[in-house]
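Next up: some structures, all given as structure tokens.
Note that chain A is present in both complexes that follow, paired respectively with chain B and with chain C.
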Partner chain A sequence: MKKFLNHVDHMLTESLSGFAAAHHDLVELQLEPTFIARKHKAQNKVALISGGGSGHEPLHAGYVGKGMLDAACPGQVFTSPTPDQMLAAAEAVHAGQGVLFIVKNYAGDVMNFEMAAEMLPFAHATVLTADDCAVVNSTYTTGRRGVAGTVIVEKCVGSLAESGADLASCKALGDKINQRTSSIGVALTSCTVPAAGRPTFDISDSEIEMGVGIHGEPGRRREPIRDADAIIADMVAAIVHDFAAKQLPTQGNILLLVNGLGATPLMELYLIYNTAAKLLTAQGFQITRSLVGNYTTAIDMAGASLTVCLLDDEIQQHWDSPVHTVGLRWGC
Partner chain B sequence: MKKFLNHVDHMLTESLSGFAAAHHDLVELQLEPTFIARKHKAQNKVALISGGGSGHEPLHAGYVGKGMLDAACPGQVFTSPTPDQMLAAAEAVHAGQGVLFIVKNYAGDVMNFEMAAEMLPFAHATVLTADDCAVVNSTYTTGRRGVAGTVIVEKCVGSLAESGADLASCKALGDKINQRTSSIGVALTSCTVPAAGRPTFDISDSEIEMGVGIHGEPGRRREPIRDADAIIADMVAAIVHDFAAKQLPTQGNILLLVNGLGATPLMELYLIYNTAAKLLTAQGFQITRSLVGNYTTAIDMAGASLTVCLLDDEIQQHWDSPVHTVGLRWGC
Partner chain C sequence: MINSEQLTHYVFAVRTAILANEADIECLDRDIGDGDHYINMKRGCEAIAGLGETLTKLPLVDALNSIGMKLLSTIGGASGPLFASFFIGMSKTLKVNAPDSAMHIAAAFDAGVQAIMQRGKAQAGEKTMLDVLIPVAEQFNSLAAQGKSTQEIAVILKQVASEGLESTRSMLATKGRASGLGERVIGHLDAGAKSCQVMIHAVCDQVLNDPSNQPSP
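Up next, the complex of A and B:
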């Protein structure tokens, strides 16, 4: 394992300290229990809190800021944060209108956010994201995994919360976006968890993992590497199939997110975008919003995911609204 | 070699087409000769044009837009663009106030931009960036290499040009920033040029290349991997030494850029930031501006570079001014 690292036990704290120092105008770090919150606490709005295992940066701490999250609770790498982190974050950022947890569907995260929710002295609700259409159940998951579609939920619900909407409306928008969003990923290489010190899975130089999870969980199949166009065609077909299965129209305005899993050059992500956009357009979709880059990573995995969100006027309006975070910034 | 790729010969065009499609509100792609220009041509200002071999994305096409470049000319991977690209770009974006080329100091780029300049029917000047303090001469370079400090030159000169300043003032600011900026990189792994199909250099699992170039050029030395803090201390010391050699003060306000070379997780970049910031502060610098992420990459290299720019009021003002590009965006 080759990483910029002092000691595995200190890596998360050192990294979060660097994050908070580099962006001290935007965020604050609290330790023990650990969370990242906005530097300037919001007033009189639903407080949005997300979190999960680290290793997916910029998710979630990179999405704390005006127009998006109020706080993020990072666990150790690929390990759920604990309920005391969520409670401390909620106490710190609650602004009189209740707390909405945005949680990726993994057993540990779901359990710990549920425990925190039960102890919360505030009105609360939870949006569970489960956009990964690769597999039904998975290593750490009953039901579909939450992956890069979570970014779209956090952005749009963040916008709605900023407008003063109530808790039920924020939850409803999050649930709607999750229902209208499908993702699928593919790995060229494994990731390496620092504490493990070796790749999570073995894969040969001539194979890819189609449908991989963001922790290196198995996907649909191990297959020989092919031309990018052939790989992307299968990914687009999986998403279109999932839309049909969810009884969503397979045409209309969409947001297309091409997400790098950590070690994939931008040049390849744009090549993927080029092919995916053509295939989705031929399918009948109109790509009216796009995002290309590393938004939900799997540490140092070479690979990429596609996320398609079926827009409507409400979702598009909240996607376009101003946001000022480390990971997404426009209009501010 | 595992990459998202159809055919090596088409990779650049497919990737640029995806880039232009994803960001069609901001940029336009021209092919044969190839360049990326702003969607909305600027009026009555110095036209800023940069370019170089591909593989360093988001440099340079990702910095085309309001407040930064007018056009970028991408060559094949790690290969200089040709003079006809620069001439065509200049013809397209010239806005009556002359053309400023911003060129990283590599022999091929310098020669081709010089040839284009000689043929230009407009007033013109060139800023040569040479911020890499690792080595004096290098594989493709007489004199120091231009690396991530180029981003700071493009951002600040872009701001000055947008304000209506003349060609000589734009060149003077670019030269000043280059003189006040030092960088050094370190590689944990090689990069792989798609057309070569194999890593550019061999490096063992227990070694790093201190002072690596953004094409995988040799640095100062091959050495055993150590704790991140020890590696970063050497990088900071190299920059401080270079400041002293350039007779720059080794205190004062700085911009600190921690740049990922392509395959390094954000978590590690922030760990690097944390240590570098402490060391630079202890040295007497005050870090008043920061940037952390993949801004000047070496395809899929695992590694990172540090860039320190000694600010003054003029540079800081132009760094802070609004910019709307794919790679940098604020205030818009």
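Up next, the complex of A and C:
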């Protein structure tokens, strides 16, 4: 393992301290328990709190600020945060209108947020994101994972909350976007969790992991690497199939997010966008909004994910509204 | 039957055993998980070890509750709420029934396992820690009701834990992070089940080595 590292036990705190110092105009860091909150506390709005394991930067701390989250709770690398973090964050940012937790559907995240919610003295609700169509859902499983589609939920619900909407409306919009969003990821290499010190999985130079999760957990299948166009065609097909399975139209205006998993350069991400956009357009979609870059990463994994969100006027309006966070900024 | 001092010995034995099984646990989690299970277990063990002497000074129910709360605020992941629920569940039950018989301890263990099932919304047969813990709880209740000696119980529960672990090999995973992998998990042991087998063996070995549990000559 070759990383910028002093001591593995201090890595997270040192990184968060750097984050807070670099963006002191936007955020504040609290330690013990750890959370990142908006520098300028919002008044009289639903408080949006998200969180999850670290290693997915800029998710979630990078989305704290005007028009998105009020606070984010970072856990250890790839490990969900603990309920005391969420309770402390809620105490700090609650503005009288209740708390909305935005939680990626992983067993640990769900359980820790659930325990926090049980102890929370404020009105609260939870939006569970589950956009990863690589995981086959059934009533007998934990269900689909929440991955890069979470960014779209956080952006749009953040916009709605900023407008003064109530808790139920914010939850409803989050659930709607989740329902209309599908993602799939592919890994070219493994990531390396610093505390483990070695790659999470072994993969040869000639193989890819199709449907990989954002922690390097295996996906649909291991297969030989091919031309990018062939790989992307399979990813687009998986998303289109998922839209059909969810009885969503496979045409209409969409937001296309090409997300890097940490170690894939923008040059390759734009190559992926080029092919994915052509295929989705040929399918009957109109790409009216797009985003390309590292938005939900898996530490140092080489790979990318595609996320498609079926827009309507409401979602598009909230996507376009002003946002000022470390990870997303436009309109202000 | 058990006091806070013995509990502290069990906790240290568990820590030693988890650290000794690092390679096995990590390897299993890498195969069908995401590689953080061992790190989380270690962090939990170190946090409880850090409580050390303070645990021995507390009444047993308070010591168990402190362990649960400490794990809840330390581990994170799925292990944090699940193991926290176990210790808090045990504590609540022993508050009602003082730990003065093997049956009461077995009932508390069972309550802890029930708390894990409720928190994780999981049952036996889903390739999780519960495939070790549920049969151990059932056997513990049954052996205690039959009036078996502490020594006999410890020997049998070790065996039950190992069988429970092995039973996860052929299972599909329907809970936890491995559940997304479908048939790719068949043939692999579950890492959480392995941790629980290691912990149960550590506690049972401690019981077997404890002179106060030896049958009087």
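Definition applied: the second predicted complex is superposed on the first by the 327 of 332 C-alpha atoms of A that agree within 3 Å, B and C clash if a C-alpha of one lies under 4 Å from a C-alpha of the other, contacts with A are read in each partner's own complex, and residues count from 1 in each chain.
Quick note on the criterion: contacts are C-beta pairs under 8 Å (C-beta built on N, C-alpha and C of every residue); 3 or more make two chains touch, one makes a residue touch a chain.
Given the structure is predicted, the values throughout are model-derived calculations rather than measurements.
Colleague: Please indicate which partner A:Q179 is in contact with in the superposed arrangement: first for chain B, second for chain C, both, or neither.
Modeller: Neither partner.
Colleague: Who touches more of chain A, chain B or chain C?
Modeller: B
Colleague: Looking at A:Q283 after the superposition, I want to know if it touches chain B, chain C, both of them or none. Which is it: first, second, both, neither?
Modeller: In the superposition, A:Q283 contacts neither chain B nor chain C.
Colleague: Thinking of the overlay built on chain A, is A:K3 touched by chain B (first), by chain C (second), by both, or by neither?
Modeller: first
Colleague: Touch check for A:T250: first (chain B), second (chain C), both, or neither?
Modeller: neither
Colleague: Per the contact definition in the header, classify A:Q317: touching chain B only (first), chain C only (second), both, or neither.
Modeller: neither
Colleague: Could you tell me if A:Q30 is touching chain B, chain C, both of them or neither one (first, second, both, neither)?
Modeller: neither
Colleague: One more residue to check, A:S163. First (chain B), second (chain C), both or neither?
Modeller: neither
Colleague: Do any residues of chain A touch both chain B and chain C, and if so, which are they?
Modeller: Touching chain B in the first complex and chain C in the second, residues 77 of chain A appear in both lists.
Colleague: In the complex of these two chains, what residues of chain C are touching chain A?
Modeller: Within the complex, chain C contacts chain A at residues 26, 30, 32-36, 38-40, 43, 72-82, 119-120, 174-182, 184.
Colleague: Show which residues of chain B lie in contact with chain A when the two form their complex.
Modeller: Residue positions touching the partner: 2-7, 11-12, 14-19, 21-23, 54-55, 57-58, 62, 77, 188-189, 205, 208, 225, 227-229, 231-232, 258, 262-275, 277, 290, 292, 294, 297, 299-300, 302, 304, 329-332.
Colleague: So in the complex, the part of chain A that touches chain C is made up of which residues?
Modeller: Answer in residue numbers: 33, 53, 75-84, 106-108, 111-112, 114-115, 132, 134-136, 140-142, 144-145, 193, 195-196, 200-201, 213, 215-219.
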